[in-house]
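These notes open a run of structures that come right after.
Each of the next two complexes has subunit A plus one more chain, namely subunit B in the first and subunit C in the second.
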Partner chain A sequence: MHEDAMRAVAPEAPEAGDTPALRPAARRRTRLAAAGTVVMLTALSAVWARAVSVSPMSIFMDHTTRTGTITLYNPNPLPEEIDITFAFGYPVSDSAGDVSVPLYEQAPDGEPSATEWLRAFPRRLVLEPGQQQVVRILAQPPADLPDGEFWSRILITATGGRPPVEQQVQQDVRVAITMRTIVVASLNYRKGRVTTGLDVTDADLVRTDGGLQFTLDVSRRGEAAWLGRIRVQALDASDRVVAEQEDVISVYRSLRRRFVFPDADGAVRIRYALETERPELGQSNIITAPTVTGTTDLR
Partner chain B sequence: MTVGRRSRLPRTAWLVLAGVVASGASSAPALSQVLVTADQQLDFGLLTPGVPMTVVPTDVARRAAYTVATRGRYAITFQLPSHLVEVHGAAVPVAFGDSDGRVEIRHRVTTFDPAAGVSIHINPADSDARIYLGGTAQPAPGTPAGSYSATIIMMIVPTGT
Partner chain C sequence: MHRRRWLLRGRLPAVAALGIRALVPLLAGSMVALLPQRLLHAQVPVPPVFEEGIVEVVAERLAPITVIVLVDSSGTMLLPVQQLLRHFGYVPRTDGETTAIPGLDGVRVVLDTRAGTLTIGPVVENLAPAEIIARGGEVYLRADRLAAMLEAELSFHAASLTWIVTRRTALPAQQRVIAEQRRAMLLAHQRHAVAEAHDSVRYLAKTGAGVLDWEVSTVGLDPGSRTSARTRLSSAVLGGDLAVGFGLDMDRITSNPFRDGVLRYHRVFPRSRLVSQVRAGNITTSGVFSRFVRGVELGNRPFHPGTVTGDIVLRPDLPTGWEYEVFQGNHLLGFSEPGDRDGVSIPLRSGTTPVQVRLLGPAGEEVVTTLLYQAPVSLLPRHRFEYVVAAGRCEGRTCETFAHADARLGATSFLTVGGGVEYVADSAGSRARPYAVSSFTTGTDLTGELQVMPDALSSATLGLYPRDGSVLRARASRSRPGFGAVSVVPAGLARWDTELTWDERIRRAPGSPAGFAGRLPIHSLRLTAGAMGSDDRGLERWRATAGVGMRAGFTELRYEHERLAHRPHLLGVRTSFVAAGAARARAIRPLINLTIAGDGHGFRIFEFGGSLQPAPAHVLSAGFSWSHENRRPGISLGWIARTGGTMSTVRATTGRPGATTAITVSGSTANDPLGNFTTRASTLSGYAGIAGVVYVDQDGDGTFSEGDDVVPGAALVAGGIPVVADSLGRFSVWGIQPYAVTALAVDSARIPDPSWASAVPVIRVRPVPNHALRVDVPLVRTRELIGTVIAGTGIPTAGGIALLITDVESGESASARTFSDGQFYISRVRPGRYRLEIAPSSLDALRARPEPASLEFVVPATGDNPVVELPPVRLVPTTS
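Up next is the complex of A and B:
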């Protein structure tokens, strides 16, 4: 359909340069053609668009039930081929405090990986338009699994269930580009009683060209990931708040976060608080720990 | 809410509610949910052997377009093809420049290198992020006729969980 429509639209294009000399009737025809083009392109866009919804994005499993679920939904008019796989990874930061999640097919030695003993049912499926599908995640851990928290990432790969549209670029030369998306959800598997906590290992406050720059280094205590929120307030000499920021933060090993306040004139100090508060993940899934607070003065 | 209270509701009411939640009928994305839409494929249009064809990420008709509806902080990365390949082995090189990526979150616009990816932060007040890709196809003189294909993979990873 797309290809046919592209052929139908293409002959109109060379006429664009002639528009100023067109008679009124021709102008009307041109307007109609232009309107038709817009309608066709809009319709094509709507028909071509593909989508998948994944919920939730964080799965918490325990050794008692050993199961979890993800719900997939396809709200668009084309089918999606879905493939579920697992990889190992967790958030890490670079020297600038930028956070990424490197993914590994096989977990590095010594990491508490659940990847090897997780299975998805179904692992492959076609999500028809309007269809919702629950995917069950089952854990089959080794019998001698010690107490602790084990981590993995679930990769939900979606590919359009029809061949990509071929664009006619020459009489007998065609180009087709497939667009595939991978949504990555987190998975935390817990056995026994696990704890978490945070230590601030370094904090630094400087003024840069970009504004007041606060850098915080933290490392995790206990066996489980620290999932929470950080609130940062820039204070003036009278301890009045002149600017503040807030963000979610997850510490699996250690992490650096950087906050820049471009409009914190007069600020000389930072006050921060790290709390295990994540209602969007289901607060009952969060292992609580004492709130960590502190202040850092401008260098 | 206890199970006892919940069971007093008509069964159909819960089914309807479940349907509404699942269908994303609300304009705001549910918490801890991601809806990714591939809206438009990268369209190089008419290629002439020997003549590079560039699509910029502001080209509404031809750029690749995705919508990510969610909240929170995410890393977006791409696996990009280096060539469009024909079944008999012929290839058309494809290049992605350091400003061929574009993110729009409300009125905030960020240009990025698709090879490096981009971090996005969708606040509760924002409904989604629009992600666009451009690129350049470089058909060499004498490129043979055929069907050429490639795959662009976009990966969305939450960095806050």
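Up next is the complex of A and C:
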């Protein structure tokens, strides 16, 4: 799964009493707020309000075929109404190295957005319990589209569906609570030959109350997103590995990641490696780049 | 009371709007205390130990139901029995004190309010006073007791105040929903299939094009000595198949190199009932005995005989409360309806017709049994009459002139009778021989075929089917020389042949461990006994075999006695198997045959052979054989390759009479109206083709013209054969059965633009033999249809409403349902004029009528707007 797709909505916690419908004027980031609300609710009642499953969570399209597909599946015992829309976004990080994906209905100026020229077929549907549906994504880019990689996010909104009205005949009192879940998948559209690469702009290792804190700042080269994996090893004075962490990482512009190691193992140095290896996305979809390695000593 | 009002109206305060489901888990520790007081509310006065609350009860496929529950001070919930039983589809028998429902496995479940007992079959459970409460005509039962009563599992999710009911066997209401959905889906599919089978497609009698089959073979390594060629040119002439062929010997010593000349014309009239086939030229007649003649034959036997031979009626006899459905594969033949005693009509097919009967019990039980109906291939549909007449000069030396007439009638669905006469003239004179034939079935137990031609042939074949997977076949015949099957028995006064075969299919016993099947690969057993002889010489040969079929192959033990042969008693074993595991995974597909036989004097026969398929188009084979009579061992090597539209066979053998090499190369070539040539390794003669262009009909005129864009790479299926258009949008497919209605459809999932669709969902044609029909496939731009249904005052909902969209011109209709907000969305709507209506079932359920009653609209063929937005439809209550 595309790491940034997974993280797209998690950090944005809703405010108490807030619902997506109550903020119609919030043009930007509205969807993210909605998604955040839903994810929180989903997490709290995970057993009952399972979302539809979406596969794959990362779609790669090219200018030759201009189409892609996602498959939706409803594992719930009740129908789900699905609404498929597009938004623009990619992972960004804050000063603490926490990653989020702000979503925009309209991409900021200068961003390589594919959102405006993507269409889903169908874009609304009802998934019956246990039903599977293939949704085709069609790109209709402008004729003068330059070479490069263009980004978008697919928002799959699932709302508890209503059974056929013929089965709803019930005179008793009802309490209707509609659960809404938004699953966000990433979409990368490529035209022509595109390249990618990473530069480490800063690496820092300090001792904090929580342990050894390693902060890495990277920025992307080329035209395409850098999709890969980071391995971080904590070394002691004799360069022996005392701890190790690994995570997936997607760098669209620049990114900060932070790793914290326990301070009790005698680590004094960090060795890191960033490599474009993401077999779960289909390695053929990954634009390879030289592995970036380095070491950082404790300040 | 105040809170009850907002619960009823659904106006939750902000914190509730976030979701009661979200908050309650946070309060899990205090659930017992909080549920009755904060989230549940008393409706009517209750004893102090209970309060009333509201929960939702959910079961898969059923609409959630909101019920009033009783909650005691410890948080234990009592659920309303009568209301839930009705919701789950039971018809409980109640007398005020007891409630009885059918349980699984035929047991009776009784809840006795007065005695405070729950009886499930022989087990009687005493209920504590706190477990069962009768109030206001309803009986409330503790959840775990209700679960036992339903033989289900009930789990409570405090986050959503929901009881979830699950059961391994569907509850009756679930079973009904499943059955209704299954029936609706299958019947809709079958309506579509019936429409597809509608035989109104005309046959266009085309002339032209052609198919060339060719073969060159040589024996030995000297091409000039024993090389021969064969060729056949087949063309479409007035819609028929005209074939001209001959063989050519290139042997230097042959004076007349031409041989095996063939000139034949075969025309099928697929929609005619009087004369459906005419054949002329070098033909093989189709009477009881096939003869090679130069002549003419005509008749009304269909070129593609249907497999259905008749109908039989199934009437399952079931206890009260049970229902049934009858299936043939995925085809729903019928189901029981209240008061309907007509049964279900089952189309009987040639060979074996498996029919599944699904029995649905009152407690949700489901039992599926399979019936196997048997019908001989020669059985005709009821009241069907078929005839064939032929006349001509005999080929070869069997006779000089031959004529025959044959007529058969399907007297009933179970019995076909027929007869005919043969006229033969040769040097010994001329004679006419009448004959009679019959075939029958009793349904699932017995089949038979009989043939009698006085002084020539008497034969009977019976099949007995004692149970599923078990077949006993008996065959006996007595024939004079020149009639009946070819036999190793030398000609005599008359010869007879009998055979008895028992086939048993061994299955894994129900309930045995899943892995057991893997350790017991035996899956079939065959025992055969046969004898043949002649009137003048007595018993000539008899044999008995026992064969065991395994997953990977077949092994047979054979004992035979043949009086004429030098091996009067022979015991042998023959085995053949396909290697599994790694070899199969590499697609090498080795096949090995081994035969060892001997008698009291030692080994008589040893044969060992095998083949490998290292690539899909290549097969290598090798064999070794030795026999006591022919002591010189024989070795053979072979290679078969299908490459570049040709099939090449090379075979080298050594042994008696010496070493030989044979090479054969063959192929077939056909052309189509687009100027393409298709080459195949196997013959294309007699088959049909379809060729054309896939294009976007930009101008909407329905023909491929200037300005229309071709669609490269479009995927189609023609007559079941997949084909992909080339870079110019052209496609060509060969090998299709001629005359039959053939469907041509575009694979919509592989059209580059999902908004395009074939102008006609399925194009149907009748292909012509040896000819490629030109069929261009237009694509049109579809639109998305959106609109809204608005619930007027007094209408509870606009969601889940069924809509009907009808093509005004074709009458074809599709259905959709509104989303929860009343909106509807239908994608990929083709250009045309449509009518939108709300389904009567939804209107009845809501007691509403639409305003306007229907909407007519046009989906345009041209234009850039991908969406057609309809005006809203308002639902208002019916006045009655």
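The working rule: the second predicted complex is superposed on the first by the 232 of 299 C-alpha atoms of A that agree within 3 Å, B and C clash if a C-alpha of one lies under 4 Å from a C-alpha of the other, contacts with A are read in each partner's own complex, and residues count from 1 in each chain.
Convention: contacts are C-beta pairs under 8 Å (C-beta built on N, C-alpha and C of every residue); 3 or more make two chains touch, one makes a residue touch a chain.
Quick caveat, the model's predicted, so the values are computed rather than measured.
S.K.: Give one of first, second, both or neither to describe whether A:M179 is in contact with subunit B, with subunit C, with both, or with none.
M.R.: In the superposed model, A:M179 contacts both subunit B and subunit C.
S.K.: Under the stated touch criterion, which partner chain does A:V206 make contact with: subunit B (first), subunit C (second), both, or neither?
M.R.: In the superposition, A:V206 touches no partner, neither subunit B nor subunit C.
S.K.: Regarding the shared-chain residue A:L138, is it in contact with subunit B (first), subunit C (second), both, or neither?
M.R.: Second partner only.
S.K.: Scan A:T67 for contacts with subunit B and subunit C and give back first, second, both or neither.
M.R.: The answer is second: A:T67 touches subunit C but not subunit B.
S.K.: Under the stated touch criterion, which partner chain does A:R123 make contact with: subunit B (first), subunit C (second), both, or neither?
M.R.: second
S.K.: If we overlay the two complexes on their shared chain A, which of subunit B and subunit C does A:P56 touch? Say first, second, both or neither.
M.R.: In the superposition, A:P56 contacts subunit B only.
S.K.: By the touch definition above, which subunit A residues appear in both interfaces, subunit B in one complex and subunit C in the other?
M.R.: Residues common to the subunit A contacts of subunit C and of subunit B are 41, 45, 48-49, 160, 164-167, 169-170, 172-179, listed in rising order.
S.K.: Sort out for me which residues of subunit B touch subunit A in the complex.
M.R.: Where subunit B meets subunit A, its residues are 22-24, 30-48, 61, 64, 66, 70-73, 75, 84, 92, 119, 121, 137, 143, 145-161.
S.K.: Touching residues of subunit A toward subunit B in the complex: what are they?
M.R.: Per the stated touch rule, the residues are 41, 45, 48-58, 71, 73, 75-76, 89, 91, 98-101, 103, 132, 153, 158, 160, 164-167, 169-186, 227, 247-250, 279-282.
S.K.: Show which residues of subunit A lie in contact with subunit C when the two form their complex.
M.R.: Touching subunit C from subunit A are residues 14, 16-19, 37, 40-41, 44-45, 47-49, 65-67, 77-78, 81, 119, 121-126, 129, 134, 136, 138, 159-170, 172-179.
S.K.: Write out the stretch or stretches of subunit C touching subunit A in their complex.
M.R.: It comes out as residues 7-8, 10, 12, 14-15, 17-22, 25-26, 54, 56, 58-67, 157, 159-162, 164, 177, 749, 752-755, 784, 796-797, 799-802, 817, 819-820, 823, 825, 827-828, 841-842, 845-846, 866.
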